[in-house]
């Protein structure tokens, strides 16, 4: 079995942040971290991120999400899947930079031949099911990438924040946004999202086409529920065949997505990047607080010394 | 001469709805149904749908529209063509599901080798002429597809409704929207239009890029007239050469459009689809009234039994 | 060394406008026309168009801009370049139709093998640096093309005007807009910009995605400065590698851009086009005044005789 690349890098990385890792491990062991799959009906599923305290996504979550993606791909009755969160302030946020190396590198490549995270996202995009990201709170890094791989995205006007913050920390994003963002919003706005690395609120996300629409927070759940129930009442084959034809016009190939992960790994190896991530950690990255809440602001401070 | 595929399907189909067909036939024989071509000047043409009571498009209309498309393609002086309607509440709506089989299957494939409807739409997109859809009332199904194949689309803010309602009835749309919508509005919003199957008003259509702009209904005609007269005053070769270069960047190939019609035919054959269309017919589909006026609402009721 | 095509055409052209040329020449010799490169810091550069009276771009400007583009491509420290203007009412406007033939035809093809102007623009798009067009005043023709080749575009809500006016004068634009506009705003709006040839203000440019955003004029400079300083604080390799991956999804190839210049040259040769440009000249084209300020309006008058 092939395994995910980048072993030495993550080793070095986990050594660098070993003191942080200890604290995070305690949090993990004292809370229940799960990705819940709820079948509201045989055709209408809900996937809820409940990874306290911050819905940070790491190697522990990969097999959990993979199991869910496989169910979405293969179940004969499911027609629509909504992704949401029960963690206040967060939809799904960045990758776990404190994770133990072995937990990441022991993960096999996915069915597509891509690394596990881009593999799952590519499979979600092609599944014969309508996926909807219901975004309340931060969808940054992995969270943005999951939203971009979903078919539809709806955001809370007051509470959603989307971002690809990575360039601000010296990283290249790895989960497909360079392939997916320009196809949603054009090159100029995609470059602004990626190279500006700002926190983007619901209304700007709507203007740019980062989400389908932003809705008043009080209306988001009702809107998404009604849409999901509506689609769940439609014919599965009509959904699947129509989506497959849209894929021809709009899905990036796996070959186009593939180099992003390698660029992420390369960027992570650079001492300059390690220095930026270290500085973020010192400021409070990976802990509830202002750095996580305003990550776009803080990555703008790292290069000014 | 090759003929359009799908003969057996339409036969079965017309048998299913035979009782409905009788009534529709009476309407047709007692009113004048036409697609009028008016040459406002040698360079500025207007094509007006006048197919009472609902501007439903069927096999009778195919040769009428084909003649017009051929004129648009070959006339040496025409520079701009505006499509509009004289039927209150409708721009151009869905395909005629009551049509006699023989009238559809006897139609030859088009010049591109595509089926007649996608053939005409592909040729319109490539014609060395600026086509403008002036949308007041419902542009659903074929009407949306004609608008999408036109170069420019302007909508009445109060009175335009665009939709691809087909998935709601178990159908896959057949006239190109899976190829064309993602190129106008990105994958996410295109999937929402196609898989949500909702009625979409002028302002949402503008936000999504489904139309160039929505305008107050009182301003639509003046705006479109002024734009058409302006373009009619330009140089035909400059228009044609510029459009041809835009085509390279933005037109789907015929090969990409081609499978949509086959998917439509396949979807039409399914008993589940026939059941949904039957139920729509019982509710009042194909007759003036609430089902036609709020088709997006009614397709959302078909799967809840 | 190969030289730019179109020699005979420009000869005829410069003869036609010889009387105009005299006046323009006087203006040129009595003012300092330059494109200024200011290094605000080693990583943050500013390129300012100061080509009185109208920031018209011609063969004299080609080597000036080429030198700057080469510096942007090769400097190891620059991360962000802002393009702006010090000329009231103009960002950068159209090509110089009064220019001496020899000055244009003696210019060698660019490093990409494209003609000098499209060559520089293609190289700017691929440079490992974030380019930002800060648009106050008219960005028409070449100015629009430079903005479209830049990575990000921000416009003054009150003072920016973007246009591709060329079709209105019988010309096909030559600097890449047919390849670039549909990728930013979709085919329909791109065709409207190109075939409508209207002056487009900041808010419509934002709605269409012609610019990233339009901002109140009083906020434009502060916004662009802050963004440029932010990006200048990021890691150059992360910027370059991320941009390179966005290029895969969103940059037109040189082969797609190449025919635009040939189409421009062909269109310029036509007597009908020469007649339109002549008429524009008689009205005041190439001189400060209403024709230059409302070029979109005036090209709409040329064909009504």
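The letters A, B and C name the chains in turn, as written, and every chain counts its residues from 1.
Simple rule for what comes next: a contact is a pair of C-beta atoms (placed from the backbone, for glycine too) under 8 Å apart; a residue touches a chain by one contact, two chains touch by 3 or more.
Everything quoted here is computed from the prediction, not taken from an experiment.
> Viewed as a graph of touching chains, is the assembly arranged as a line, ring, star, complete set, or other?
complete
> Do subunit A and subunit C, two copies of one chain sequence, contact each other through the same residue numbers, with over half in common, or through different ones?
Subunit A and subunit C contact each other through largely non-matching residue numbers.
> Can you compute the centre-to-centre distance for subunit A and subunit C, using the mean CA position of each chain? Integer Å is fine.
Result: the chain centres lie 38 Å from each other.
> Could you pull out the residues of subunit B that touch at least 2 other chains?
In subunit B, 183, 185 touch at least two other chains.
> Going by the contact rule set out above, which residues of subunit A touch subunit B in the complex?
130, 151-153, 183-185, 206, 209, 211-213, 227, 230-235, 237-239, 241-243, 245-246, 248-251
> Which bits of subunit A are touching subunit C when the two form their complex?
Touching subunit C from subunit A are residues 166-168, 170-173, 178-183, 185-192, 194-197, 207, 252, 256, 259-260, 263, 266-267, 270, 272-273, 276, 300, 302-304.
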